[in-house]
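Here's the structure, in structure tokens; my notes come after.
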């Protein structure tokens, strides 16, 4: 009997998730022993044709990382969905939209204009932009279309499991493989991480007093953080209480507050709204002026609370943007 | 989260409420629409759902159609939710499988377009249908009732309520902020319409209260803080120093004439400033308790030095202490004390204050000495008043030969108080009668409308007409002291339109009496906050329902009686005090209350122990288990506001009756209908 | 302190003594008053009786000019002007339809009212902006012994005024006291002087003037102080007729600003005092009496 | 949206003050716009910002929050907690392109039936002037670009690899990233 | 001998809708709240001369007795002292209602012809309209010539006195931008017409 086939694919992502696969270190050998990696563009050459040629459901599991922004990414998502028994959103971008989804605050036209015309580091005197289709000396090359909206994987195709994180940890990845290979699978749609917030595993938990009343918020670059004290007790926005655990509290151990990459728990529909609710309720001031003064320390609530989750948030995208490239 | 173990089978009922709903909402159409929604097994419209047959219908359907959820669209849940919950329970279901839709107060009564109102009813009904599918069976919790009752305010309302409860063998703590109980009624001379003497009917009751074994009177004291909930309140009472040891004082009053002030010198509050008293005084002869008080603002012993420090004047010879002798009741070192009492229920009977006549400047109160308020006249005609019942004007000798009584001062006026004070017509006529009786003067009543709805009241009006008292229908424009004609010289001139005769008239009188209206006590808002009650827009305490729960408030275990709820006369006040006492006794006899199970609880396995919720609870019901590293809620302390639930960043707190799923589905449902 | 100045028609006609005394007094106190360019009649009480919309539009023209000229505040000494300009602002704030009508009408001649320009009465300015202390400092000839009955009339206390009590106004009382005068307490401070009825319906109108004069005399006043050109005219101009109808009640009526001028030691001849029918006795004579 | 559009407002009212005030408005037969649908909660402190976002995404054109006046909260200070959340939420919604008028917080005591009438009417008018928020419609519009792809894939099922090309339809529709 | 007069009012004597129309005018809304207490008449300095007291005018207006109200002396006796409006316990702006009734009386031409008050109002208005300002001397002269030339004689002495004290002039005051004023008035007229259409 041949080894089960496993695929890795990447869409709008930074490559960090691939690093995690590499970070499995020698364990990757154990994985390779048990499975057959049939597709891994970062490491191996392949052609779309090869995948298309595969029988439907012939891949046991595809771990797809990155958000979905272009038509090519959509097509591959659809294709891999069809070829795979289990499609796994791997990492924050595929699960929640991730950092790329912060682009959902801007109209496509503005993004293109900046990147191809206005960016100070740019040398593009002809202001040439990529074309979807081009007639050139009888050639007719195509490029993927840049979509208006950044999407999570499950906003494009059906997803079976999610492995969270920016990037996911090797341990969770291994756990996912173990579950896949053993057939001991959680219910469909599960996030492969504990369903408890980060504080649960944070070393600083004990240092959080029970009577926090915020009088100011400071950002990490404004203050040298106490290496042991709960960040919230220091007035620093930490997304930990609203974020799943499972990362081993990597950031807080490294003296940085949690930024929320593991996404919310299963009981929460909108991670940003929840941390907002919790932080604000605990502000000390009672009058509008005082409250707003305290809140000056959070100059960009969208960027702060939805750093990874904007595409998956209830609003998904800046709502006054239309679909013809224009907007506010 | 909670698994739906069985198929959801919803019964939906839309009530016509006679025509209250049906006139503006097409009830059959709503029923028809809801019948098409998933999970709805049957959908009916009915004339009166709250009636017996309506409730019976629900019970029968639950049994016959195996319903496991019930939704009724009718009036406000604040009115009939208990009714339908009970019907649901009688039908054999847990009562919390019921949900109510408000399509009367929030729909048919406030809208004018039938199609729109019907659409809204459908949307609201759909929301309830979505929501009720997520309802879970809940149990109410029983809390025992502390059988001691706090009565706040010892006017006639507080006195009557306290006596009623105490007579049934239950303990009462009666708090009064003045040095004596009795309230306004103690100041009145006669009471309308029977003209029996107020003191004769009130003072025996006062001394009964003072000596009742079940009543503890805390006079010269104020409630400052209330904690807890129905059945179990902790009340903090501030005992103001009266500089008299209440245990030691026997009420002999020997100290009063012994005071270095040979003559009474200071304005006497009880006599509305018309009389004088000494720094050591007893408000009036029948005061209860019979204990003197020392007023630190006038007593030389408390004289303040230039720097504000206490400088005992050498003029104070402490003659009062000397007169007290061995009793040693006078204690200048007394300070304010704070005491705590545990009670199960509270009757708030804090009464009213009279309108400040200076706020109606056209009538010259405070400018012209012979313009009086009605309360001043009560004292002036009172045999135990400052003049011994001899009606003389402020010069202390002349009797008025003509008196104008102006009704509605500070009532029915958008610039001051808009409401009718209910008692002024009657007390004005009573004073008219008494003034006439005492002086034989010509009496003119100036009124907008004479309102005498009460037993024997119209007859009293007839009696006054017989006595030749003038009744002039017209609201007085002004009271002045400038004369147009010789007979106006030296008089107060009332300018008024006699609206029935159709002439503007100028009427010179010696004395003007302003029938000032009743308004909420100055500190009514503070009292309201303390007891967690509501106020109407005019500032009187709001009853739970004007007809069906007139002495209840929105806070269980807190009742109101008397004029703090709205202007009323003595018979109505006493009736209401009795009603409040009956409510309290019913509560005590039942022994327990069932609490709405809307408390919150923390999902232990899912709490991360972030402690965000802990400081948010105003009742310190959330605690942290250091061992488990999790927070937990002490259900007994939780009052069910849900603030922690809305704030839990990982969604690990659940509020019964208002859990996230229920609310999300309600939101979705209310918007699902276009 | 700077104010736009809306004199109104009367201060250029029968009430010119008001302007003649007010301007130097204000100048003496260091207050700059700039007369609105090409102001038009406020409409007074008569216009309202003919067409409310036009009345508001015409009054608003002056508010627009004040705004155009950049005045933060507008001083209107005449009671009728004070009332009408305030009333126009109230109507525009309260009634959307009225505001739209006025905007349209003003817009047709490129005028615009975009913000409320506070309309102030000189008494309000003197008490609340200048302050009685500053007034007192300027007093060189205190009005010692002069018994003055302060008469406010109707329209500066009712119904839009916010600077004084409607039933028992005090600002002029306190101002007169600060000039050293003795203020006579009388109950008719705000009673109607008869308004325009003294001319059109003397039987009714003059009676009101008569009552005021009679009561002032009865209470021992040497002089009545007014704030309104029409009140001054009614109390000063009809003594013969009142005497013929009822009884002689001769008592001089002057503007409060004239009394201020006297107290400040400004030349009496330049305060318009010669314009009254019933002359005010020289101060010395009063004081001696 | 075939019917004439009318604003739809979802209101979250606290049980003790604003819900009671709305009952009072009913008992007093005050008339107001029928556009608001009330969801009752025990306290404004219970209002999770998720509820507001959920209402907006499910089709509400505006959300009204009613609580007890400061110092009057039945639960001491739940209303302050809502006020604090509201301050930041309003700003955040602005950053997300939602007009501030669409979300409104009002303190309405049990006695202020008249205020319920006024606020609902005012807000209905304001939102009528703003026009629909129409989030469900926007989501559908946004997702159309994905649906069109799915349709294309369906159409050429079994054909050669189309990866890297968006097909003629897309090219026609949109020739360049301009 | 005495003449008897019929005082009964029939429904036909009413002009239905009149009251509601008046209450629809800015400033007059609160008339509906009147409780007929008579405070207005009680404080009105001129009520003693009125054929109907202000209170009665309120009642008659609300009950649509248009002819009685517009024909009454009361509305012309109102001196705009605002005492009634300030004292009214129902906050009815009685003075403004009086203005409205005066306007209607003039508009319908039912005011007493040689009664000087409405003539004054109209002359005043005309002068403001034409010249932008009021020249009091000229106005009063015109008024007396129009209403009661004989009475003018009685006023001659007052006029002389005014002239002597430099307060009387028959010179017409004018503003510069009279066309601007005319345009404002014209625009209001047009808008009023539009409103009626």
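For reference, chains read A, B, C, D and E in written order, and residue numbers begin at 1 within each chain.
The definition used in the following text is that a residue touches a chain if its C-beta (ideal position, glycine included) is under 8 Å from a C-beta of that chain, and two chains touch if they have at least 3 such contacts.
Computed from a prediction, not measured in an experiment: that's the story for all the values here.
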Chain labels contacting chain B and also chain C: E
Least hop count linking chain C to chain D through chains in contact: 2
For chain C paired with chain E, centre-to-centre distance based on mean C-alpha positions, whole Å: 23
Separation of mean Cα positions, chain E and chain D [Å, integer]: 53
Inter-centroid spacing, chain E versus chain B (mean Cα positions, whole Å): 49
Whole-Å gap separating chain A and chain B, where each centre is the average of the chain's CA atoms: 58
Chain B: positions in contact with at least two other chains: 362, 616, 643, 646-647, 660, 664
Chain D residues counted as touching two or more neighbouring chains: 45, 48, 50, 54, 77, 81
Per-residue overlap in chain A, given as positions that touch at least 2 other chains: 268-269, 274, 277, 281
Each pair of chains that touches, named by its two labels: A-B, A-D, B-C, B-D, B-E, C-E
Sites on chain C touched by chain B in the complex: 165, 167-168, 186-188, 211, 215, 218
In the complex, chain B residues that touch chain A: 1, 605-612, 614-616, 624, 629, 643, 646-652, 660, 664
Residue numbers on chain B that touch chain C, as the complex places them: 361-362, 480-482, 484
Chain C residues touching chain E - in the complex, by the definition given at the top: 9-10, 12-17, 38-41, 43-54, 57-58, 61, 91, 94-95, 97-98, 101, 104-109, 111, 154-155, 158-159, 166, 190-192, 194-197, 199-201, 203-205, 208, 237-238, 240, 274-277
Touching residues on chain E, where the partner in the complex is chain C: 25-27, 45-46, 49, 77, 79-83, 85-86, 93, 95, 99-100, 102-103, 106, 116-118, 120-122, 124-125, 128, 132-137, 140, 143, 155, 157-158, 161-162, 165-169, 173, 175-177, 180-181, 183-188, 191-192
